[in-house]
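In the two complexes below, subunit A is the common chain; its partner is subunit B in one and subunit C in the other.
On to the complex of A and B.
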């Protein structure tokens, strides 16, 4: 019972059974299009990159929603829409019961304290010319919550909390390793005691051993401060490790959403199944016996997405209906109400998708 | 799917190792720059010359006290010869001779240095502050603000500045403040253009987005996040603009539209000197040398700072040093031609 599509997402929407007080973030039909303009003196809009299209999600308080999908599926764009860093084209984002869609910078300011971000690249997300103390102290300075020695004391407390040596207060980011730099980013996000932290691929740029440290740190912090995470990653193992529920994005749409165990245990969307089959398995015994579902073709352009189900040109189970009618996100027979899939022909447990995919690629 | 926790143990050990190895005290960018600058003999020489110039200019009244020759007092008896021409260097206590009206040329050059350096530094400071602000705003805000500011910058850069300076000096009447205003007006454009370009690239960095997500306002982002990344190129540009401003001031004064006599300036000393160049070489040579040495020193210093700011130069210099050392070793061991050891060997084989 952790993640649910918001009201009105589909005929079988189950968003109503989560009391409003338990929901921290409600994303309703959020759409983000980037105009494609011609160069030259008179710039005409010739198209729209449909980065995020009609996405509805709910993040319960104190839980972690994992958002997976390949590069270009719109994960980061959705995160930036939720963080209020870019305006949305359509839809609504509610935080803690209040509408924060497209607020002005001034109106957004009080919410900034509650919504923080951890960025993907620990190298480019820290200003190379500023000292660590100044970087972590920035939130205090911007929101004028602490000054002088009090700020320094709080910054050093934060550094200690995230596992950095507080004596390194006066160092530059270049003097830290990737993992330590990401800890600095975590400390900065944590400074104002936010309610929601949006983690945009926080460990993708790190070594596997360092990934574990940072993930464990994030989990500990969630326990201690009751944080809610929107956790974006393309690494399925990482998402499985931290998430209570998982949403799978493909080409700007949510393909499947549900509790972590349900989505990983019995994926219903063919894309989820293919993703899971492609993830490297840590255990060589199971790895050998596994069947990989090989998808054909590339991800289509988000400027001109396929009709109907956006996955149909690559789907091993595609039927003529898939190109015509857009599938709604709904619970499939046999699934829990919160496990919802946008697919006309969901995968049946035990079905051999790999063979279907192989057959399809022969035809192609 | 929980293999991550298995490496946790090892990871903790790795973190501890990192901590102990990171104990080497880090150096800031400025310390590194200074270290590189120190090994650049030309830049250090230029810096000493600039420092000497500044000290001489500041100490000009001290030299007046020593020589008893105030800058604007003419000495018709000791400072001019029978024909009424200036006396040469070393004559009658005039260290560098006298000028056309019998004033101490050395003292006047020192007072000229005060004006030149003051104008050079003040106009560069004004131009740098204005250029950085305009460049940051154009680059950060973009859109219509950028279009207006960038076109204005281009227009100023394209303007025939001597013509405008002359026109302004004629209309407003020549004075120190007009000169400073005119030179400052042309100082900012070049800096603004560079700063705008750098801002455009820096504002796409993730740390700028991080600052925005913290709720930082545009001016905070511009001045405390972007500006520190621009200090290096701005410092170089500013150092290189000082000599230009000095020459600009000298030009205006030479044309009679800058510093007005009897106040001494290198430009107006040179203008007066052109009537005497056939009889009194020192009258032309010394103020011209002062101008040349000052501008050259500032230019060399600017080049040195630019090289020192660029982390790649150290590697280039180190590589050159290493190559030179290796060549010296080859020469010492083989005793043959150190530069072409391979061709020499081939020649003996053939």
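On to the complex of A and C.
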């Protein structure tokens, strides 16, 4: 089963397609706005950063949902909403059949064991003054599941599991390389046998040769422990490698979602097509032959997002309709039911978007 | 060792100057050479003395860059790629530097700070990774570009310089350039800042631009814009480019020649296609194989085991041997020099594997494995076992010729 938007009104309602038992996380119409305040004594609210706007997604148990998007697309904010680290402005997050939206600290506590995070920067996410054994052992201490020698034994087991030398229990993070530090982060996330691990750019800070080590480790752990991943990255190849299904975010909204093969094989949203064509391919022949879709301009500000389809000012296919009416996520003709696109004029296979984009940039 | 043989430029329909056999050993002169390279670096060595010991950042690197050519320098963190180029620009104070770097006939390493200042920015300019820290936050963008023009040529009036700054901003695709020239850097987005940096780098029509990870901090769609711009401007002005990056995708896009660095040395140097389709050095091969690609989704990746060595405490012999799947006995003690490999004559690799063992095909793999079977004694077998145990699934040739790990 793949990811479905959980839009109850849509034809592909997740409630009917995916039995509840197979769904670990259900994100329904989640919205997160941050107020923008003026400086000074009286802090008036002058606007809202619409970081996440009406996002609905489903993550099936034991699967990986890849979340792709550029800086400011809201993917990390969405992840933090799912983890319960920040309250949502609207919508609902259901974990394992139970509503965890905006729970109090105390009520959230049991779920914290089940939902863990791995962060991007293994240099700033580990306390430099604490020993690795203590860092990995923290979850046991906080949740009072193991103490003393038993905790040490479990920590060493974890270290071994993620490919660290258990004898390095007493070392400080500074004594480890970037890849090893990320393994420490993985071990810490794994400590309480969580059901869901949210990986926020887990390999972006690592060198290519090390990146592959960590990706393989994540794949193995998923297989062994039946883990579910929400995997956020800006590297499309990495996301493609690990994900069962992929959601593409742009300015707080989902532009396209579907099985990995469908989204990468025949992208329907012009933004997805542009992203895929822009990703550097480590193959000179592919690089020389493919037609790059060069978008004009930058991502607009989420404080004042464009009307209608948020992508329309940069879209090579934009029509007047796009500025007026917001497109809904829906399966386009010829696509499988789970492959849904929010676009009035979806890309047709074989269409030359690159030429359209080039023509547009000359006008602009 | 003299390699005569020229290869044509690869890429974007531009007529390239004949490229020289640039994988020569130090001190060699090429036979039949008709042009002098724009930049000739010979046996460059850079080390820093620190409290922990001597950091050998660059350990004998040779390369040439011709006018209008793009050289891609690829390597992981700590491979010495940034120190290498900063040394060329006199930006590594306190370092022990040896070797020569002839640029337009003068040795950059012998220049005084004053002489260097005249070349830096005017003849060689730099684009750094992070445009926010390389632009001054308190001065207007247009002013910064104009200032740079006037710093090198006082005869240009302030008004004229300001006009040229606007023209440059327009050339790098900044909309409404007259107005944007009066903006401060924080009013620019990341992509626009990098465009402004490129405008500044182009201001005095340099012969060489060094771009140090210019797109690493940018999003994919903006990266595509910037690479596109760099290529277009290079065509227009015939500027040579050294592109430093860890991203093989960027190299595949814009380089003519590629130098893969490992532990302060060139592991492999070749025209782009040879690096990607006929790699000889196991490190290059490992890098290529460890990139996830959508075509092989679901398969396990083949990472390189271990991690890059500390530059203070380098291993003996080939610096890559502790991570190499093809480690043999001689690799433990003798460091291989760059030598010509493959069939093209312009491809060089620093590896003890036979010169014919280039490529990703089965035949090359058989040759590599056969060589390893003969060349691997007990000592090397131990190293191979250790690295196989370190990372399950890594590409390590077992003594019986099969993948040792599962």
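Note that in this section the second predicted complex is superposed on the first by the 355 of 364 C-alpha atoms of A that agree within 3 Å, B and C clash if a C-alpha of one lies under 4 Å from a C-alpha of the other, contacts with A are read in each partner's own complex, and residues count from 1 in each chain.
Basically, a residue touches a chain if its C-beta (ideal position, glycine included) is under 8 Å from a C-beta of that chain, and two chains touch if they have at least 3 such contacts.
Since this is a predicted model, take the numbers as computed values, not measurements.
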Mind working out whether A:266 is in touch with subunit B, subunit C, both or neither, as first, second, both or neither?
neither
So, A:280: does it touch subunit B (first), subunit C (second), both, or neither?
second
Check the residue A:180 against both partner chains and state whether it touches subunit B (first), subunit C (second), both, or neither.
both
Report for A:219: first if it touches subunit B alone, second if subunit C alone, otherwise both or neither.
second
Tell me which partner A:341 touches in the superposition: subunit B (first), subunit C (second), both or neither.
neither
Classify the contacts of A:77 with the two partner chains as first (subunit B alone), second (subunit C alone), both, or neither.
neither
First, second, both or neither for A:292, with subunit B first and subunit C second:
second
Given the touch rule stated above, what does A:209 touch, subunit B (first), subunit C (second), both, or neither?
both
Given the touch rule stated above, what does A:172 touch, subunit B (first), subunit C (second), both, or neither?
first
What residues on subunit A does subunit C touch that subunit B touches too?
163, 177, 179-180, 208-213, 215-216, 236-238, 240-241, 264, 282-283
Of all residues in subunit C, which touch subunit A in the complex?
10-11, 76-77, 175, 189-192, 219-225, 227-228, 246-253, 272-273, 276-277, 286-288, 290-294, 296-298, 300-305, 307-308, 390-394
Which of the residues in subunit A come into contact with subunit C in the complex?
70-71, 163, 177-180, 207-213, 215-216, 219-220, 234, 236-238, 240-242, 260-261, 264, 274-275, 277-284, 286-288, 292, 294-295, 298-299, 364
Touching subunit B in the complex, subunit A uses residues 83, 85, 105, 108-109, 112-113, 115-117, 119-121, 124-130, 138-139, 142-143, 163, 165, 168, 171-172, 174-177, 179-180, 185, 188, 208-213, 215-216, 236-238, 240-241, 264, 282-283
With touch defined as at the start, can you tell me which subunit B residues reach subunit A in the complex?
1-5, 7-8, 10-12, 14-15, 18-19, 22, 26, 28-29, 205-207, 209-217, 220, 224-225, 228-229, 231
